[in-house]
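Two complexes follow with chain A in common, the first pairing it with chain B and the second with chain C.
And now, the complex of A and B:
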């Protein structure tokens, strides 16, 4: 029963990881950019949540009304300025620029918010749980996070397959020169992709901030977990990212069940094992570099 | 046609330039002057110079990996940690001579990094970067579980402080660090001048094309990765011998990779001089802004982003006039008595 409970909690945790990883997956899928500032940006949203709820008295979930548009705008501006420029430079530039951005953001958080742990207070919803029997209880908030994670993946998938902008994004991803000849403005498509990615990051950051106590270094941890979810699931596949998040979540909760100190380590080891034995991930999709 | 033939007969391929002979001379003089420091300056300055030297070694090794091998790693702290812990294990736990321990720690890092390449090389680009980081995290989490190594709280390096006076110890560590700088630069220089070096340059520019021309891409990358790991371990051993305190959280910190990246990007990626210039700039800012906490990292990060986007050859590129001055020439220069001959002029720029 304990183990079943650990698996259940792992699946729910996987929902958070999938939510965190969706933006990373989208940006890589469209532009082949691995955004190393991804985790730091999620923590930026979490700190925005703390400031808005503590200093302005806005209820935790209502902060999303402010944070999501801010992150959307930030994504657009980021792509139009730094990232498009780094793509033109090519080579190592996108990696170096996003890594530099991550370090700058995390150091700024240290200076502004200190290394103390903070969290977004959401009241009883963060602590309530649905008791199934005396050993299994499902937290309302982790369940909500999972549902939102799945919903974001489904929404992104529908957006890419059904809408005009989504089609343009896939076309740009397949062949950016041909897409441009067909009248697609790559720079704007990239900006839209990053804006959407950062919106999901904003959502993920606020949920992370409600769920756990975090400090600036969580920017690093978040990036690593999101990355592992993407690779375990298979590059370029959003459904894969969801599965990858769940596998990582289960590995971590089962590891913690063995010994609380082993959770994260076993998550990493499962990731490395998949890299060695199934390098294309669990749900691979052909990716042309 | 005949004029071309005459011109080509007179063309000489040279591997050195006037600036490189001057550079070698100045380099030897600087190293000799620096070698006298323990007799001239106090312990505080020596210890500061050890920090600067370790930054030069680490920057040079990261540059070898990224600037020549085309691999951006943010997990080199793995080998810094192995170097530091290797020194403590060999020196204190096994009880070997401290200097033998440093050499052994470097070898251990090389041996551990070899199988790691088989995992890390499954990834490329940005994912390779995060993959190396995960591997460093795994090492950190494992070391934290080992009680002999002090677990999460770390361990103190005692062999050197027990067997010699503080002044003597600091002087030895200083000389060791100076030798490490010379070794790191010399190894990079010789590696890049060798036949392999030409292959590396081809790989960096286009790995697929290089492969189709017969360059053994994966094998070359593996060699660079292992050498870089050994160099980072040397840096780690220097840091441990200097600070005497080895803690998993600080030695396996991703911050080291941030330092290395900033040093190389600001100094000038893909040149041997760049990381030296970058390390001096980094060290100067770190000392100058030390009262302001970590703001120096914010400034360096912004600087690194701006330089990546607008000045890809870095500060050394500015100083050297985009590569006209070369202290460590790894390329080939054509010397033609008919300087107007246009191909030679262009080739000078291209074959670098």
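And now, the complex of A and C:
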């Protein structure tokens, strides 16, 4: 029963990792950009959540009404200014730009918020749980995070497969020159992709900020887990990212079950095992251009 | 009425010059074939019209508007569609999705999914297949259908027959009069002179980046074309 509980908690944790990794997966899938500022941007959203809830008295979840549009806009501007310019200079340039952005953001967090740990206060929802029996209890907040994580992946998948912009995004990802010949402005498609990715990052950041204490460099840890989820699942595949998040989550909770100190380590080991035995990930994208 | 006018353009790839003072004029509703051997500059000419290459000298005018420096993606809504060399079908999209992407700019006109399926039964049969899993002939038919989905005023067909089985080429060329009958102006680029002569009203022959012969398809003799084509 303890093990079943560990698996269950692992699946829920996987929802958070999938939520954190969705934007990373989307940006890589559409533009082949490895966004090293992903974690720092999630922490930016978390700090925005702290400021809005503490200084303006907005309820924790209501801060999303402000934060999500801000992150969308930030993503659009970031892509239109820095990233589109760096993309034409080859594969390394965007990595360096996002790395630099992460450094700048982390220093700004230090300057403005100090190195102290902070979190977003969400009241009783953060600690309530549904008791199933004396060994298994499901936290309301982890369950909500899981549901939101799955919903984000499903929504992104539907957007890509069913809408005109989503189709244009996949076409651009396949062959950007041919897409231009269809009248698609690839710079705007990229801006839309980054804007959507940062919106999911905003959601992930606020959930992270409610769930845990964070400091300016907490994004680094977040980035590592998000990367592992993406790579375990298969690069460029959103369903893969969902599966990857769960595999990582279950590995970590089962590891903690063996010994509380081993959780993160076992997660990393599973990730390494996937890299060795199945380097394309569990659900690789069907087409590699 | 002149729909497309190219006036003395030079086009370079870095230090290499591909076109020298190239001019071309295309009347609305006519079918022009641009022929020439490998490396004559045919594809470069197409790319300059579609906006993938920008001339260093000279102008490209479409329907009276100077479009020489307009980015490629803005030319589709004006009514210019190119089926590029190598087809460039989107491999991870289904055939139907490829066609829908072709209609991205939502230009009004006679072509829609139904009409394309009607004109190319081969495409209709394969509509759920991924672009990745198409044969060369199927790709070419989809590429033409995809270009037509933008309801272009002029469609540029680059190397339609290249690498395809003769019977497939036959099928594709049989569909061309149907395209022209919708009022669409057609510009075909071909290495295969016979195909070009069969469908075109007028022929323009390129050699090493310059026009060496032009005239109506009926007025040119085989010998004239052969000597222009090979530069002898």
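In this section, the second predicted complex is superposed on the first by the 285 of 289 C-alpha atoms of A that agree within 3 Å, B and C clash if a C-alpha of one lies under 4 Å from a C-alpha of the other, contacts with A are read in each partner's own complex, and residues count from 1 in each chain.
Going forward, a contact is a pair of C-beta atoms (placed from the backbone, for glycine too) under 8 Å apart; a residue touches a chain by one contact, two chains touch by 3 or more.
The model shown is predicted, which means the values in this text are computed figures rather than measured ones.
By the document's definition of touching, of the two partners only chain C reaches A:183; chain B does not.
Contact with neither chain B nor chain C is seen for A:283 once the two complexes are overlaid on the shared chain.
In the superposition on chain A, A:70 makes contact with neither chain B nor chain C. Of the two partner chains, chain C is the only one that A:171 touches; chain B does not reach it.
For chain A, the partner touching the most residues, choosing from chain B and chain C, is B. Residue overlap on chain A between its contacts with chain B in one complex and with chain C in the other: 289. Interface residues of chain A, counted against chain C in their complex, comprise 164, 167-168, 170-171, 173-175, 177-186, 285-287, 289.
The part of chain C that touches chain A in the complex is made up of residues 50-52, 71-77, 81-82, 84, 88-93, 97-98, 100-102, 104-105, 130-132, 146, 150.
Of all the residues in chain A, the ones that touch chain B in their complex are 28, 32-36, 82, 85-86, 89, 91-101, 103-104, 107-108, 110-111, 220, 223-224, 227-228, 231, 235, 261, 264-265, 268-269, 271-272, 275-276, 279, 289.
If you check the complex, the residues on chain B that touch chain A are 66, 70, 72, 74, 118-119, 122-127, 129-131, 133-135, 137-138, 141-142, 144-145, 254, 258, 261-262, 265, 269, 293-295, 297-298, 301-302, 304-305, 308-309, 312.
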